[in-house]
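I have placed the structure first, in the form of structure tokens, so that the comments after it can refer back to it.
First chain written, first letter: the chains are A, B, C, D, E, F, G, H, I, J, K and L, and each begins at residue 1.
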Amino acid sequence: MDGRILVINGPNLNLLGMREKDIYGEKSLEDINRELRVMAMEKQVEMNFFQSNHEGEIIDRIQDARGQADCIIINAGAFTHYSIAIHDALKAVDIPVIEVHLSNIFKREAFRQQSLISPIAVGGIFGFGALSYKMAFLAACEIIRDQTD
Amino acid sequence: MDGRILVINGPNLNLLGMREKDIYGEKSLEDINRELRVMAMEKQVEMNFFQSNHEGEIIDRIQDARGQADCIIINAGAFTHYSIAIHDALKAVDIPVIEVHLSNIFKREAFRQQSLISPIAVGGIFGFGALSYKMAFLAACEIIRDQTD
Amino acid sequence: MDGRILVINGPNLNLLGMREKDIYGEKSLEDINRELRVMAMEKQVEMNFFQSNHEGEIIDRIQDARGQADCIIINAGAFTHYSIAIHDALKAVDIPVIEVHLSNIFKREAFRQQSLISPIAVGGIFGFGALSYKMAFLAACEIIRDQTD
Amino acid sequence: MDGRILVINGPNLNLLGMREKDIYGEKSLEDINRELRVMAMEKQVEMNFFQSNHEGEIIDRIQDARGQADCIIINAGAFTHYSIAIHDALKAVDIPVIEVHLSNIFKREAFRQQSLISPIAVGGIFGFGALSYKMAFLAACEIIRDQTD
Amino acid sequence: MDGRILVINGPNLNLLGMREKDIYGEKSLEDINRELRVMAMEKQVEMNFFQSNHEGEIIDRIQDARGQADCIIINAGAFTHYSIAIHDALKAVDIPVIEVHLSNIFKREAFRQQSLISPIAVGGIFGFGALSYKMAFLAACEIIRDQTD
Amino acid sequence: MDGRILVINGPNLNLLGMREKDIYGEKSLEDINRELRVMAMEKQVEMNFFQSNHEGEIIDRIQDARGQADCIIINAGAFTHYSIAIHDALKAVDIPVIEVHLSNIFKREAFRQQSLISPIAVGGIFGFGALSYKMAFLAACEIIRDQTD
Amino acid sequence: MDGRILVINGPNLNLLGMREKDIYGEKSLEDINRELRVMAMEKQVEMNFFQSNHEGEIIDRIQDARGQADCIIINAGAFTHYSIAIHDALKAVDIPVIEVHLSNIFKREAFRQQSLISPIAVGGIFGFGALSYKMAFLAACEIIRDQTD
Amino acid sequence: MDGRILVINGPNLNLLGMREKDIYGEKSLEDINRELRVMAMEKQVEMNFFQSNHEGEIIDRIQDARGQADCIIINAGAFTHYSIAIHDALKAVDIPVIEVHLSNIFKREAFRQQSLISPIAVGGIFGFGALSYKMAFLAACEIIRDQTD
Amino acid sequence: MDGRILVINGPNLNLLGMREKDIYGEKSLEDINRELRVMAMEKQVEMNFFQSNHEGEIIDRIQDARGQADCIIINAGAFTHYSIAIHDALKAVDIPVIEVHLSNIFKREAFRQQSLISPIAVGGIFGFGALSYKMAFLAACEIIRDQTD
Amino acid sequence: MDGRILVINGPNLNLLGMREKDIYGEKSLEDINRELRVMAMEKQVEMNFFQSNHEGEIIDRIQDARGQADCIIINAGAFTHYSIAIHDALKAVDIPVIEVHLSNIFKREAFRQQSLISPIAVGGIFGFGALSYKMAFLAACEIIRDQTD
Amino acid sequence: MDGRILVINGPNLNLLGMREKDIYGEKSLEDINRELRVMAMEKQVEMNFFQSNHEGEIIDRIQDARGQADCIIINAGAFTHYSIAIHDALKAVDIPVIEVHLSNIFKREAFRQQSLISPIAVGGIFGFGALSYKMAFLAACEIIRDQTD
Amino acid sequence: MDGRILVINGPNLNLLGMREKDIYGEKSLEDINRELRVMAMEKQVEMNFFQSNHEGEIIDRIQDARGQADCIIINAGAFTHYSIAIHDALKAVDIPVIEVHLSNIFKREAFRQQSLISPIAVGGIFGFGALSYKMAFLAACEIIRDQTD
């Protein structure tokens, strides 16, 4: 299979495995990415990773993805809940989006229970820790396969 | 692997493939279940299916699952948004719960954007159509494996 | 004229004429149905009646109406205000719906002033007691005539 | 039968049949009134019609109806949603009121979903286009018959 | 004492003494005005009266009062609660305003408990029936006396 | 003393003593009922018990109580918070109602802090575990004594 | 004329004439009371005055007024906005109540725009400074005269 | 049995039997206390009574109860709904609290439907008039028995 | 260029230059219109002006504009915030609408921050005083040019 | 340095060191005051302390401070959140106010997150336990120094 | 004329002409800027342009404008709705601000209908596409002329 | 004493002493930092300062502080009110946080009255201008001393 998937991680996700392990689990972001790379190799999908604590850099990266990615997997972290600018960028580039959360955001603070990513996403996965990303990867493959059919 | 998964579908999901196909897709519930059965056989997991338009029957079924299932995958349909009784039943039986939605409920009416299942679920998947169930199945297997470790 | 009308009455409407007569009037549900049957005979319309206190049974009955009814007249009683599942069922079967209320729900408790039936109905009638049903019957005939034109 | 019905139409209803036909239908207000006049003649009911874009004129007309009308059928148009003054006038003259709407206001903008007429009306009809008025006429006749009994 | 007082009454107040006497009392608006005229003669104050059911006419009358009145006593009736335009007119002409209500609006419907007149009035009186106007008259005299000091 | 008391328990209360014991206590529903039966025998009151996870069955049971019970003790469980239909049924049958809760619902989730039973109940008891039912029984006896005086 | 009027002033009103004179005016509470005493002597009405910064003392004083006063004039100061206990006391003693405010509370902070006194008062006066009390005195006389007629 | 119960009654409850008898019943507070004293004597429980219209005195009394009472029965009257200070005092002394209301507060004004006592109470009883206190007494005995076990 | 522009001004705008000059500026409405007429002459556009304090007259004028105007520039004044009837009239006539405000309504009272004109306008200009109208004129010309292209 | 500081503590703060030590710390109010006295002596500032559970006494004390204190440090305890009367008293005496809280009120119940003291305070300190008072003392000294400059 | 105008465009506006053309039009940001440069040259105004997807860079740019620009034209894009930091920067530099939007934000999602720029702007223009900028330019010239008068 | 304190200042605080001096005072950020450095030297505490207008840079800086700082003093400026990402970063690094504000944010716009920093801070200080930082410094020292005990 042919296809390019861009995985974007938002603020503080670079600390995965180092902070609040009871919520976010033991694995580092690099651990998760490594596992995804293995899966990607098997499926022969090209895979790119990006993490930033800067909203503007995430917007730039999304814009650059136009014509360069067939699917975006995004865990926008805290930006999920207030960045209309990332919402707009994702809408503007017109690439299928899959929303991912490590934790079950609906068990947490009220301000984490609204997502500005959901309304422009194909769908989403929350609460399964690192597994959430793998599930997103499978969904991304399926979406790409549908596109190329 | 050993394990028993119960898949519960709520009201109107028996009409899948027959109604509003632009929202819910072409596949019937039976189609989806058949695919899940195939996956279950491969993984050697026992799988049970239940669909009802009656809130009370769903509660009964959840209660009966105590000691009979290791994971519940539930698409409570419209009950997702107002059945505190199903919420209570799921909480009472103390079996890991995975929430599933075919459509992206966050793109729809305001009254569909609150879920009473999420706060008692491990995690959830929404918006990937029939694929949502398969992803839930994989997550269920992972959860069961973790339990039996 | 040809046509099949299904009249659905929700919870507690079986007590009509027996309870709170100052709000709901003296006539029993059977009285109302008898009058509708007479009107139906004159217009040569087939008419079916269903009452239940069980949300699930009402959903089942609505689903069974697919291809069996040309118009649904529904007084969902208390379910009007919270049953998203009945809302979904009516939307799924894609039959014209007419909403009926005996009392003027806008003179009553705040929780009775939101209807989940209205957004999927062609139109509605409230406040005219038993007459509300007759008016709904006339509207149903008109709708059926328009369909068959 | 004896009786006098006053039909009041509020702002912009004089444009019926000329504007937004997908919402309000093809018939002009004059068409509707003509049909009502025919029905009135059959029933030997006196019928008066009034339309205005001016809130004050509608209030004046309602006040003049004291002792001159046995029932008021009113489609207050946009005034339905904010004119407490028309609400007060209708309440003051103490004549039975029937509320009418051509469109299903519950499918439209949020600001159209509150009615200040409903709380002082006997009942109401919405969503059946021109037929709404005919149904209101029938209800008015019934109300007048009950009064004169 | 020298001074000119303008008394403005809003919609449906022309029906005083004829409608809902338990709320508004037995006296007609003419009765009230006659009593005020007597008081005015004693105090040698010029007094003008205006009533209208038309928001626009009330605004015109307020505008005409510039330079012609030293104090406005206003019972804006239902307009009290939604007419920003009357609020603006009163603010624009810059004449002291006294708000009057026959009934205790704080015992009535929720929509009657917000006043757009209060924020631009010197003060107000509510709930004393016809006496409310006399009290307002006394306050108006005091205000005029203060101005002319 | 003469009198018939109907005790109704709603969804998931059949699991009492088996689930979330820190909230609901150690006793099973059968334990509680047995204790009530003993008390009833002493007071020579007839006592009937009903539990269901089905809203419709509870409504049916309430309707059947007309003329068959002098007082209803109800713990509607989760239905307390959203079943307008049970509210309506209790209101329709016109039998004194006593509301019971095992736990202190005001210490729990926001959605559990509104009761649709309270407005139609004589009174209520919450938070005393199994004792709540005994207290309700005493109140029921008092109410029946007052009726028969 | 015969009659006993009790004037109650709430917290911080003992500072009148000493604080925020732009809002509350130059007169001290004693100045106001002296003027009222003069008016009372002319009308031959007995008059009692009470001021306290203590909610409990105000409640005690209201309770003591049973059978001892024919009318209560109250400026509850800040307690106006949150003391349900004073609301209850006034309701319990069943003496006509007149609400007074020196300033126009509707021009001030949001938390000053709800009154718990209004719903149990005959009527009220706000915004006329010391004059507000005199107007209240006149209204009180009128109310007493009506009672004794 | 050994144990000390403190019964606290809030503002205006000293008027019981004298005011609004349709809501609060015929019995005076002294009548109720006398009945409780009889019950206490039978159970050999020490019982103390306190009533005040002063929030501060109630707080002082609660603080004094530390080490002097095993259970507090409180009807805080109007303070129930806004006294965070009483809430804090009850929480600080760490004695089991039982909340009592004579009337069914859920049938009354909106501002009476929130209780600041409930969240720190073991449980509560509302709506049974004087009987509410007796029920609370029984619950208190049970709580003390559990403590001393 | 060919084209007909209708400029509508709502209530109290006839007082421009005479009231609250710090908010609305020194120019009278006639001054503004004169300047617009000059601009119109240059561009050879026909221009009509209408001002009224009467909501009904504004609605009438808008209706008359059908087929007589190619663009409407409207400053509905206070009606902006509550006249659903003007909203409906503008929508009904289907002529491009430009919304104008002299002041920056977003710096003013909360009730001025919602506009019922905006949702049916092409666009709007606020805060530039008399210049707002000139800018609207330029936009109107552009819109007309686009239409005639 | 010259200056007089008044320290006011509200309800239940007399229990400091005796209740909920995890929230409020181990020190008694007397401990805190002793430490402040030492600091005051060093800075040669006069210091007065007042604690009460009675809102009225706190108001009286604040009023007495006029001309007797150069700065008020207040921890109004629960009154912080609802006593408009204390807010008014502080505003009336026109002495600089410093707000203090032992705990971080923003981590606690929703009803503790609004302060009526903040809007009339110079500034505030929360969350540092007994240290909060010392910090307030330093700020008070600074404020007094600025005044006397 | 002399004067320096700074034009700031926020996130995703660099994609103009490339994305969602039905909402934002065909022109690129460079096209718009070119047209503005031509206008500026005619008016002999200095003009600077800045676009960034980074909130921080926009703040830096605004701060740098102090003393370097006489007017800021800003289309803050998505930041309009949540960046209090940009609001603060614009307020801090004290340069006249003109708000611009290509689309009519009042026809779009709820979260786009609040602007944090409006309260600190002189005025604004929305809905006229590229023309909005030109209108803003004219307003800017007028503002600069007024300053230099 | 040993210890490392990191002082973080958010957007626009680099303009201190240059903008809105009536709100923020005359001192520049450098002035404040200099004073803090002096205090730090006395206490022999290591002190680092960071200011940025970029949310992302602040997050990066907070993350870098892990293991490098014993206490963070933060004035997040406008980010206080909406940056969930900074909230998350502070929570992730698990270093004690002290919140500082120069102005009394509770006297300002509604959108400035919610802090996302408070819920994760030890405590906070607001309203004392530059002094706020010094007080925070003292609190920080106390916190560090407690840690090292």
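Simple rule for what comes next: a residue touches a chain if its C-beta (ideal position, glycine included) is under 8 Å from a C-beta of that chain, and two chains touch if they have at least 3 such contacts.
Since the structure is predicted, the reported quantities are computational estimates derived from the model, not experimental observations.
Path length between subunit A and subunit E in the touching-chain graph (shortest route): 3.
For the self-contact between subunit I and subunit K, the two sides draw on mostly identical residue numbers; the shared fraction is above half. The contact pattern of H-J recurs in B-C, the pair among B-C, I-K or F-H where over half of the contact pairs coincide by residue number. Computed centre separation for the pair subunit D/subunit H is 55 angstrom, with centres defined by C-alpha atoms. Subunit G and subunit J, compared by their mean Cα positions, are separated by 32 Å.
Centre-to-centre separation of subunit A and subunit F, using mean CA positions: 49 Å. Looking at subunit E, one finds that residues 54-57, 82 touch two or more other chains. Remark: the chains found to touch one another pair up as A-B, A-K, A-L, B-C, B-F, C-D, C-F, D-E, D-I, E-G, E-I, F-H, G-H, G-J, H-J, I-K, J-L, K-L.
Considering their complex, residues 104, 106-107, 115, 118-119, 121-128, 131-132, 134-135, 138-139, 142 of subunit G touch subunit E. Against subunit J, in their complex, subunit G makes its touches with residues 10-12, 14-15, 18-20, 52-57, 77-79, 81-82, 111-112. Contact residues of subunit I toward subunit D in the complex are 54-57, 59-60, 63, 66, 82-85, 87-89, 91-94, 116.
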